[in-house]
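Take a look at the structures below.
Next come two complexes built around chain A: one with chain B, the other with chain C.
Moving on, here comes the complex of A and B:
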């Protein structure tokens, strides 16, 4: 056992070169005789996945073709649930809101995360404290964040944010109440919450930047912005890939922030794909249509993730 | 790791044990009568006391779940085809559950004590097809809560008309009634404008009726959509002005607040039209001596408010018909009804459906006489057809109009009327 573990740690090439072929053959046979060990380790996780992910997913696909009535028997309706989703103007609005919100939040959080990372990079004790403070929004429950921001956004002139902008001489804004503003207010909360997460990934990326490159470019007379553009950003490409792919995957599923802040209102101005699904499924009891919308969301998420991966991979190849 | 086959065996035995334990816990739960209600923690305490009395009397154990996520959790159980034995919930949901086959029909005459309930109570649980699907448990009308200390400080009388009400709300919003020297931190009315479960519709319906408007009219399973008639449009114009006039007479954020209750409880708003279930909370804050409960001030259409009812339903998958019946019989008995009003917590029986009881006497509180009085001039939303979708649509449309302060009320209401008509005609409930 110990021997095997040791082997795994050493590079493959070295093993092949240093070991007599007979020994390696004998050793290779041994794990194969216990192929089921691997599966035994995987079994608990697979069972959990099967029960809580795959079975519900297939049930969802099935339900998306049915009029769901658990006690009267489900009725097969073919593609009409999908047609209902695709022809519903409120779904069109929700999709537009989802895209605006997803795009804005992703870009905002990437830029915010990058700025935070550049400001807070370093090893000093104070920075460690500030970084922890900056990271707090990520680990705080979204429901709590929603309540806090509802207080910050309180629409009266004496509300927190309104009194702040009031001291600059600006008129109070009905942050979450005005249909023209609400979506952007929600977006700001999403950025505030998402940026520190990206910051951590960027900080890890920054730690890997070769310091001598900065020095060399400084000697060549590069200004700060040149150094950022030609040294830091290229070095952060792998981190950027991770952040963008994660953002692409997450952006379509945005739900909690919207739900706790506005519930999709006012006037449906912040209604997104997921709040629409929730409302159809649990408020209007149209589980079939809600399932169809969920399956469409799944397909869109997969497509978007594949696209993000493709773009970043092509870039990396260049 | 599994060098020793015994270890693998142990793990498998462990899993088997776990599975067995899960099965046996379900089996144990099967013996008790499973009862669900949509309640917060305070009301849950009261229900527990009622069920404890039931168990003591009949020997039938009750496994009780109080949840505010009632619909979501019930959907999950419906999908598993394993419903609670008894559900205690809003009258408003009966039709949708009955149409989905989730609750069983009830024969009133089979229940001991059924004759102690009024005809109006039994009518409320009758579906359009004439079948009864619930047992009435509690009833009340929405009443108007007013900060009497603020009102007296500003020198106003108890409002009798909508004009009085507007004047009082304007004074609350502009004249610093809490005397803290800060203008603009108090508001006229607390309004629950959330579309969650179509909640806004309930609040709106009272003012619609008082202004002579309505969403639909009719009964016995056939309704006419009246939300876009001239009377209703005029009513909506008046209500929109509460939100969009200068000064706005409702609390800021009314249309996205999940609850308006804190605004009244925490000294921010002085008028709140809601159900008497709020009394228990408001006696703590702002305080029993600081507010009054009045009959709704009269508008051009009168002083009618919304009737709200809670009923008992029998889950369709239950294998305990006798116990279900026993619980329902107990819950409508004078003993359980009184207990539901007075046990520590929050009254879950607001006004008794059992006609042998007098609420104000049991509570020892004259404010409940006001609620009883208002009940005689109140109206239930259609509950013999599935009004859920219409209710959500009404809430969303009104929220949309008021948040944009639309100038096209007629157009928006015409659109809404069309959607409600479609919904009702799908159920064959359009007159």
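Moving on, here comes the complex of A and C:
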């Protein structure tokens, strides 16, 4: 993402080599237009961002210091909303759940994606078909996925998944109703949906691995596991870093999956940071406290993103 | 690149030592019965795990009265009854809301991405770095983080003082500007050679005409990426349609599914019929624009 943004590489520099020298000395011909037309082009984007990103952000900062009362006017309460969030044991639980869910989903989806990519690597038409089908969870709306998994997780002993594990001789599980299991059931759906996405990234990485390295390692007598460990994995490492960091940032604000699957229940066992914000802000109308929690979430995701940029920058310098 | 290709001398022949076993990391070999069988089994399991749940939606939607405890991949009592009940529950209204929002939202998002991307990529102006910084910053402001105050802003837009709540604009406008789409367009337009634009300028074409008639047709791959990510992103909206709605009839189909589920009078089949309708458009877009999708995912991830 960063190099898309950088402006250092103008087309002029890029094409300099392929162009005859006379052309680069010639004054560049640009379409005739006034200086302000560029701002006309930028106006829609800037206006939309102002109204639906930046004004809400500033309103959120303001509301986080207020007791929000419709029709009565807001009352300034200082840091007490933040204190309320930080002292709320349900928010403490929500942090823990968010971290467990985010960590488990990210790692699981990366490993799952890697395994899928290794298994489905190849040029044949059948493999292409399987890859296409395996990707379906990614393009399906999260709400739809949530509904179908609720049915798969049907808690009765003859439920879909329960009868499947029953045929292996295992006891039925109340997947989404048991507080000890529910968070992991949600995590499994997240991995199921995230793995095919990562598969595509890893497949692209695998396509770039130098085949002669495989051949050379085979001549040196390397076994398959050596080959994977010393040739394939190092080649995939850059892709892996990005995938992990992006997943970590995304997992902080997970909402729809959890909300559709469990609504934060049972007894708050799957409550994450965003579902907590949602219940506080929109169901109990505690907009001030919900805003404070949102700002804390914003700070956390900015910190993580900054960390991510730092890591990728370091990699680029190497 | 082009220089290397141009001098395509006949390569020195290398001895072929069963090189096909080095085509993939795991060393799969075509035509060997043992591995082919293993591979077929692997593919079957993967298909069952990842496509199976999606197929159960389709099977259940067309099944007269699917048992929520026994999902199948083939409807036992094929019928359209579920869709008839879902129609009574107003599913088409929600579907229409979703189509309208996704259609206009995507159109607007493409227009915004093309104009802003063009300005960033093809023009030099004062404050370019600041504008770019603003666009990048919005990526750190996901809709979840601003959802609470956005609900207030949608009810009373500052300066203009109108309320968008309950209109489709309350969903369309917030999704219309996407920093990802803008950056994809800008990155692509930056690579269009200057000579082409210069030639058109000398011929007396205006800037708007150059953008529409010369640059846009060359940006088709980027437009594909923007279209598929835009559509799937908008169709996947859940939080925004809830906070933007006045009544439940304003919901998008994704949100309406939950109320369909909560309705004790309808069975699993009707819920799956709704899920099926919510599934079809993104499926069509995916199958039409698959290649763009892969390009978008990999360009975002591998480059960094």
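As a convention for this text, the second predicted complex is superposed on the first by the 266 of 318 C-alpha atoms of A that agree within 3 Å, B and C clash if a C-alpha of one lies under 4 Å from a C-alpha of the other, contacts with A are read in each partner's own complex, and residues count from 1 in each chain.
Here is the rule we go by: contacts are C-beta pairs under 8 Å (C-beta built on N, C-alpha and C of every residue); 3 or more make two chains touch, one makes a residue touch a chain.
None of these values were measured; they are calculated from a predicted model.
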{"item": "Touch count on chain A, higher of chain B and chain C", "value": "C"}
{"item": "Chain B versus chain C as contact partner of A:177, first or second or both or neither", "value": "first"}
{"item": "Which of chain B and chain C A:266 touches, first, second, both or neither", "value": "first"}
{"item": "Touched partner set for A:37, first chain B, second chain C, both or neither", "value": "both"}
{"item": "Which superposed partner A:57 touches (first chain B, second chain C, both, neither)", "value": "second"}
{"item": "Contacts of A:298 with chain B and chain C, given as first, second, both or neither", "value": "second"}
{"item": "First, second, both or neither for A:150, with chain B first and chain C second", "value": "both"}
{"item": "Touched partner set for A:159, first chain B, second chain C, both or neither", "value": "both"}
{"item": "First (chain B), second (chain C), both or neither touched by A:312", "value": "second"}
{"item": "First, second, both or neither for A:71, with chain B first and chain C second", "value": "first"}
{"item": "Chain A residues contacted in one complex by chain B, in the other by chain C", "value": "1, 37, 41, 150, 154, 156, 158-159, 281-282, 287"}
{"item": "Chain B residues touching chain A - in the complex, by the definition given at the top", "value": "1-3, 8, 71-72, 75, 78-79, 81, 96, 100-102, 182, 184-185, 194-198, 252-253, 255-256, 258, 316, 388-389, 392, 396, 399-401, 403-404"}
{"item": "Residues of chain A defined as touching chain C within the complex", "value": "1-5, 7, 9-12, 14-15, 18, 23, 28-33, 35, 37-39, 41-42, 44-46, 48-49, 51-57, 59-60, 63, 116, 118-124, 126-127, 130, 132-137, 139-145, 147-152, 154, 156, 158-160, 163, 192, 196-197, 200-201, 204-206, 208-209, 211-212, 214-215, 218, 224, 227-228, 231-232, 238-239, 242-243, 246, 253, 255-256, 259-260, 274, 277-278, 281-282, 287, 290-291, 294, 297-298, 301-302, 305, 312"}
{"item": "Residue numbers on chain C that touch chain A, as the complex places them", "value": "2, 17, 19, 21-28, 30, 42-43, 46-47, 49-51, 53-54, 56-57, 60, 68-71, 111-113, 115-116, 118-120, 123, 125, 128-129, 131-132, 134-136, 138-142, 144-153, 157-158, 173-174, 176-177, 182-184, 186-187, 190-195, 197-198, 200-202, 205-207, 210, 232, 235-236, 238-239, 242-243, 254-255, 257-258, 261, 268, 271-272, 275, 278-279, 282-283, 285-286, 290, 293-294, 297-298, 300-304"}
{"item": "Footprint of chain B on chain A - complex, ascending", "value": "1, 37, 40-41, 69-72, 150, 154-159, 174, 176-179, 261-269, 279, 281-285, 287"}
